[in-house]
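First the structure, which I've put down as structure tokens, then a few questions once you've had a look.
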Amino acid sequence: MDKIHEIVFAGFGGQGILSMGKILAYAGLEEGYEVCWLPSYGPEMRGGTANCSVIISSRKILSPISTKYDCGILLNQPSMDKFESKIKSCGICIYEKAEIIKVTEREDINILGLSAFEEAQKMEVKQVANMIVLGALINNINIVKIESVLKALEDVLPARHHHLIPLNKKALLKGMELAEKEFIH
Amino acid sequence: MDKIHEIVFAGFGGQGILSMGKILAYAGLEEGYEVCWLPSYGPEMRGGTANCSVIISSRKILSPISTKYDCGILLNQPSMDKFESKIKSCGICIYEKAEIIKVTEREDINILGLSAFEEAQKMEVKQVANMIVLGALINNINIVKIESVLKALEDVLPARHHHLIPLNKKALLKGMELAEKEFIH
Amino acid sequence: MIRGTIKVDTEICKGCELCITACPQKSLGLSNNINSHGFKYVELIQDNCTGCINCALVCPDSAITVYRQSKNSIKQNKKVTV
Amino acid sequence: MIRGTIKVDTEICKGCELCITACPQKSLGLSNNINSHGFKYVELIQDNCTGCINCALVCPDSAITVYRQSKNSIKQNKKVTV
Amino acid sequence: MINKCEIEDLELVYEKPKTLTDTPMHYCPGCGHGVINKLIMEVIDELKIQDKTVGVAPVGCAVFEYRYMDIDMIEAPHGRASAVATGVKRVNPDKYVFSYQGDGDLAAIGTSETIHTVNRGENILMLFINNAIYGMTGGQMAPTTLIGQKTSTSPFGRSVKNNGFPLNITELISKLDGAFYVTRHSVHKPNSVRKLKKAIQKSFEYQKENKGTCFIEVISNCPAGWGMTPLKSNEWLEENLIPKYPLGDIKVPTKN
Amino acid sequence: MINKCEIEDLELVYEKPKTLTDTPMHYCPGCGHGVINKLIMEVIDELKIQDKTVGVAPVGCAVFEYRYMDIDMIEAPHGRASAVATGVKRVNPDKYVFSYQGDGDLAAIGTSETIHTVNRGENILMLFINNAIYGMTGGQMAPTTLIGQKTSTSPFGRSVKNNGFPLNITELISKLDGAFYVTRHSVHKPNSVRKLKKAIQKSFEYQKENKGTCFIEVISNCPAGWGMTPLKSNEWLEENLIPKYPLGDIKVPTKN
Amino acid sequence: MNMKYDNNVKLMKGNEALAEAAIRAEIDGYFGYPITPQSEILEYLSKNFNEEDGVVLQAESEIAAINMVYGAAGSGKRVMTSTSSPGMSLMLEGISYITAAQLPCLLVNVSRGGPGLGTIQPSQADYFQSTKGGGHGDYRLIVLAPNSVQEMADFVFDAIYLAEKYRNPALILSDGTLGQMMEKVRLPEKGSLPKSIPEWAAKGKIKNKERNIIYTSAVDPTVMENLNKELQNKYALLQQEVRYELSQIEDAEILIVAFGLSARICSKAQEMANDNGLSVGLLRPITLYPFPSDTIYKLAQKVQAILVVELSAGQMVEDVKLVVNGSCPVFFHGRMGGEVPTPDEIFFELKKITDKQAVKN
Amino acid sequence: MNMKYDNNVKLMKGNEALAEAAIRAEIDGYFGYPITPQSEILEYLSKNFNEEDGVVLQAESEIAAINMVYGAAGSGKRVMTSTSSPGMSLMLEGISYITAAQLPCLLVNVSRGGPGLGTIQPSQADYFQSTKGGGHGDYRLIVLAPNSVQEMADFVFDAIYLAEKYRNPALILSDGTLGQMMEKVRLPEKGSLPKSIPEWAAKGKIKNKERNIIYTSAVDPTVMENLNKELQNKYALLQQEVRYELSQIEDAEILIVAFGLSARICSKAQEMANDNGLSVGLLRPITLYPFPSDTIYKLAQKVQAILVVELSAGQMVEDVKLVVNGSCPVFFHGRMGGEVPTPDEIFFELKKITDKQAVKN
């Protein structure tokens, strides 16, 4: 059967939103899918929020613009407010507990709260929080393998940062682990 | 009956071509006709030749652009070459003898050669040569009265030159006189 | 010494730290909390503000309001509690 | 004195008289004739041209060509008829 | 946290000017635009000319400054603020008019308008915010970008060979007869902020007296475009930009 | 009439350059454009660079100079000759490139291109023909028109109040680092013609050596636009224009 | 508008009549840059506009001029500019802004042969640019096409009136011949077009009122879409202002559609044709935008064929075909680059069409 | 053209893919000025174009950029520029000159919501400007509308090929979304598009040959008319290069016509519709000029109705109506100012049309 996954990543500018999406898209490419990554761009990014959407599909991608998502990765309150209603029924909402006070009240979707920042701080590298989130995501939707994500990291990270890949791997695995443990309400 | 006269004035830049046409147009206005004065304009005037056309009509003027003329006032050779063929059959061609070597060979039009410059020099004011030509013209076509032309001069000449009107009148009359005398072949 | 104090609009502050550097008294520091835009904001960390307004002058977001012990109270040598 | 002469392309000359003013010898003047463009053109009016090229330099229409007695003939003191 | 204070006998000595709206600014943290926006409004507040002032907003990071300035404003096309301001002033000679432009706006695409506005001595205040980069569009090279400075369109550093030397447009326009008062400031220190405010005050007073063009360059930072923290950006500004664009008056009215 | 001479032993000492075509020029009698057109061609002739030169013609009275110059040429939109020349030179660094512009072209609509071409130090020769008027369009005011000078758009004389002071753009661009050689000439006297020719020669030589922008202003007349005879126009030029725009070098290469 | 006319009949160039009309329409400012064949407008105003009445400024370029207009119009004043084709191209960014900001002002294009530097002779090849928005984005200008010196003067008033009524720039699309030729003209009098500073103008914030901001941008595309909807609604309303002139359309078998100068030439051809037993009507769109679609559509149901004549490769003909929508054949005759057709030439086209239609019938 | 492709599949932004393709198409120069959403093109080239291969120059403005292109193209080199809507408006005078001078070059408009400063979101409201000549005079651009990152790359080659074949500038009309999004792309290889310095180029006069002059003006309008005729003949020839994409048009009852990004969105709506028992075909014009008139005309004879979808107030729809010429009803759905329709929205429009047609039949 055709596989199509539409995912939105949204949060503050500093949370690595755009690269999270890019890594997922590269991972999709790695596995031979059609992929499309679409960022929000321009001055709206100045003040604060950023978002991007990724489509991964086993056949030609028609519209590159998604209106409903299989999965929303929502890392701050404005993003939660903006995107919660755009998650498809039976879809997944992954959010950062440290940022979001008012969680979506929808009952037709799966909701996973993470403390990725806290976990990242425990790992002493704040920057890997987004990898933890990504780990949780790939654990929850059956699109790409962690190997492909690791391969994707090589593509996305500049060579001078390649030594960080093991660390990122650790974070990814942590995320997968959290996703297993955490309650999806 | 409707009266429509289409006249072209053409010659060197310095010969007062455009103002000759303007004066005639004003004279037409004076007598209540519809009039239209259309100059050639722009860089083509730089090097040398200038021309303008005047339409005087007892009813609304349709096209302001004439393609055939009742009368051509042609004051140099290039103008003769350019416009001789555009004079209507039975029309009039008035030219300056001092300038034109090769006169039109058409036999279906009335041709009047003038020595306006010579006459003007006799009057010791070179600038009135065009008034002599104009005099010859109004003598030959029955459109406007000399009084209207004199009135027109007031409109066209800046106030500071109004003292020249008597002189211009003299030139006009001289032109009319010449036109009487000169042979129209 | 003249005593002063400041108020920071914590929702407006973007945590740029320019005021911190501008303060001659080193009275300011970044909070550990973040506001709803995701920014850590500034707060008084010492009780030695003179109300010199330097911090407010350089604040790009006009997040700081500055107060100073009134001339009256200086004259009267009134105690001011902050 | 070096002898020279000029040729004017009378069809090209516009009778601006700049060359006349530029000529230190006052060798040039305006003809009474006009060319086919309606311009009076320039001509030599005196037999004292030195071939200094001043007139040609200032001519906007490059209407003037200048010749000068060859060094040879000066040396040999040959007579030159103009 | 010593942030709350409810003590008597405290006088308010500084607050944001009333002519500045409560809309949060969209500028990046630590960006100089915010300070400059505020200073203009402080002066307008103090001179009580809110009802007589028309501001012309740029295209650049300050494109939305009309949200913050509680005065009538016109948003100009990129580079044309001084022409727009000329239009306003010529048919409203009794109004105070200022334009506000970045270095891309005023010194690249708008060079012609800049030179001719000053040359005609239009009786307006031109504010020129030089942050040596195109902030708005994401950090491209500006005419004022320094040699060697890396930007997104000079990734290996600006080179003289390809892009020429940084353009000191303020020096240039100061040579024009229409320029009445030309001065260069910054906002990276409390004292520089104070000085800039004075310059703005003076400029509006000169405008009242129909003196001609007042031109204030402000050397400003762009933490986002330069890829630095706000603090680091101010250091870089002091060490690199100010030596190339020295602060101070460039042309002052001769007394008579 | 002493015009014909068929004597032996006469050497040809001056004739129109071979790179000038036989097409009669459309300029008004006595107009300086003709002399300048000719001089450029003389230099190109003498330097034997006809096959390596691309000229950029203006919009202005010299718009048809491509008819007279027997070299490859490009007619530029009004004001953009230096940008067009930049385009040619950048992709053909081995070619000689010059632009030719009037005061309306270079100092009004093309101000921005002028400043930035020079600022980048484009390795071209820019010729600037300043006749203090728009000749082509029938005698309107130019940025260089003198105070009090009457033109069709300043019928009561140019006023400072409305139009500002005459713009000395050559001084302005001479301040730019990219300007290598900046000089001002005229063609109203034989000797001034000689000097201009030397300046053009030098400029092409500098261009060969990749020195940067050479900029030559030529103070020229416009008998038609000024409403004067050619002779009178040259007098007026000497008495009025040259004092305001003094002849001579403005920036010369420092020897090293 | 309550037009009063001078009793004097004058002989004036189209450009001068337009300039004098602008003075009488009490403009506050003119900003422009010289270009043939319209420089007389700036020249006339430089000479005849009193300093007390307003400002005449020769800008350093067309771009500066249109942006001065933008600023001055934004402050609520009645202002204008004029140019010719290449200059118009340079103004298009500014015009797109002015339209987006919904500012009234008067634009004049005395157009000439293109493309490129072209010629200075008359042309109508800027029709697309004028009517469909040469600049970026979905905007429209109100476009009036005069065909006489009288209309060069009159339409200044009409254009300003419509511009102010709809808060949209209005363009007088003329050409080199109409600008340069002299005809009789009776000029409207001052006071025919009352003016006041509009509420929305940026001219100093009024106490206790919202400030006025003239702007054209939005971060959120929804806001921009709403502005666009407002514009589109306005353009729909504008359709009621459509104007055209009909001549001899009763029983016409062929309908000529032509505007401006070409309509003048066509009227001569029409006369020739009717004298020769053809029956030819003429519709002259006076407003090119809004376009007289309904009338053309109705006439298309009655006539055998339509001939569109333009000084271009064929631009308005597309709008005619669009409304005719196949109801009758639409033919085209055009001249380009500054050339102008003769009445004979058009008469010949008419005859060709009659012959063709005869064969068909 | 003999396209060879890289074996590598990459993930790239549309803007970057276009820039990389330009390098591989062996351009000699790029001249441009930053503007969102296309600044990545200049940025990518600044980083990745070797100095030996050509020049990348950030101009001081769009006007300078287009005139640098004019000069460089006039000297026979392969050059390009890119911009977005407001910048495009500023380039129009230059473009009119380039077209009149018959110079090949590549133009790119990654367009955004207008009018005015507008938004930076995708738009197709520059269709008129692109296809009917936004600048003055009768000229046309060759216009290609990509709808994927792959086509952003491919069309660089196609556009340059056509531009050089016809000596006419070619425009890639893209939009903010296509420029910003990343998709898989296989890049053409260097050498796919051979180049040589053309005969007519102004690059130094060759001995014993006529000099080459690049110019666009004439004193005599006859000369200008002849140039125009040459241009019109060329445009007639150009019709053979028309390109479009058809999907599911057999038995289609409704035909959607849409280009670029909106065609992508429509294809989703088409899928939804066909899944729901409607029978909807899609025609995507790839060349907007020349326009696929014949094919649309033929299809119009077969389908019940046509729906045109654009990111504008309705521009291409005029060209569709022009060719349909009344054969079937033409409906329109558009979004403006940077807004984009959803597939649901279009599906809804399709249903409305089916219902209407059902009532009629």
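Order as written gives the chain letters A, B, C, D, E, F, G and H; numbering starts at 1 within each chain.
In this section, contacts are C-beta pairs under 8 Å (C-beta built on N, C-alpha and C of every residue); 3 or more make two chains touch, one makes a residue touch a chain.
Just so we're clear, the structure is a prediction, and the values are computed from it rather than from any experiment.
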| item | value |
| --- | --- |
| Between E-G and E-H, the pair joined by more C-beta contacts | E-G |
| Chain whose mean Cα position lies farthest from chain H | D |
| Separation of chain B from chain E, taking each centre as the mean of its C-alpha atoms, in whole Å | 63 |
| Mean-CA-position distance for chain G and chain F (Å) | 39 |
| Length of the line joining the C-alpha centres of chain B and chain C, rounded to whole Å | 88 |
| Sequence positions of chain H contacting 2 or more other chains | 36, 57, 60-61, 63, 86, 93, 97, 101, 116-117, 215-217, 219-220 |
| Shared interface positions of chain D, touching two or more other chains | 37 |
| Multi-partner residues of chain A (at least 2 other chains) | 42-43, 47 |
| Residue ranges of chain C touching chain E (in the complex, touch as defined) | 4-5, 7-8, 10-12, 14-18, 21-22, 31, 39, 43-47, 51-54, 56-62, 64-73, 78, 80-82 |
| For the chain H and chain F complex, residues of the former touching the latter | 28-29, 31, 54-55, 57, 59-61, 63-65, 67-75, 77, 79, 93-94, 97, 101, 201-207, 211-217, 219 |
| Sites on chain F touched by chain H in the complex | 50-54, 56-57, 59, 63-64, 66, 70-77, 80, 83-88, 90-92, 95, 112-113, 115-116 |
| Sites on chain E touched by chain F in the complex | 108-112, 115-116, 119-121, 143, 160, 162-165, 167, 171-172, 175-178 |
| Interface residues, chain H side, partner chain E - complex | 33-36, 39, 42-43, 46-47, 57-58, 60-62, 86, 116-117 |
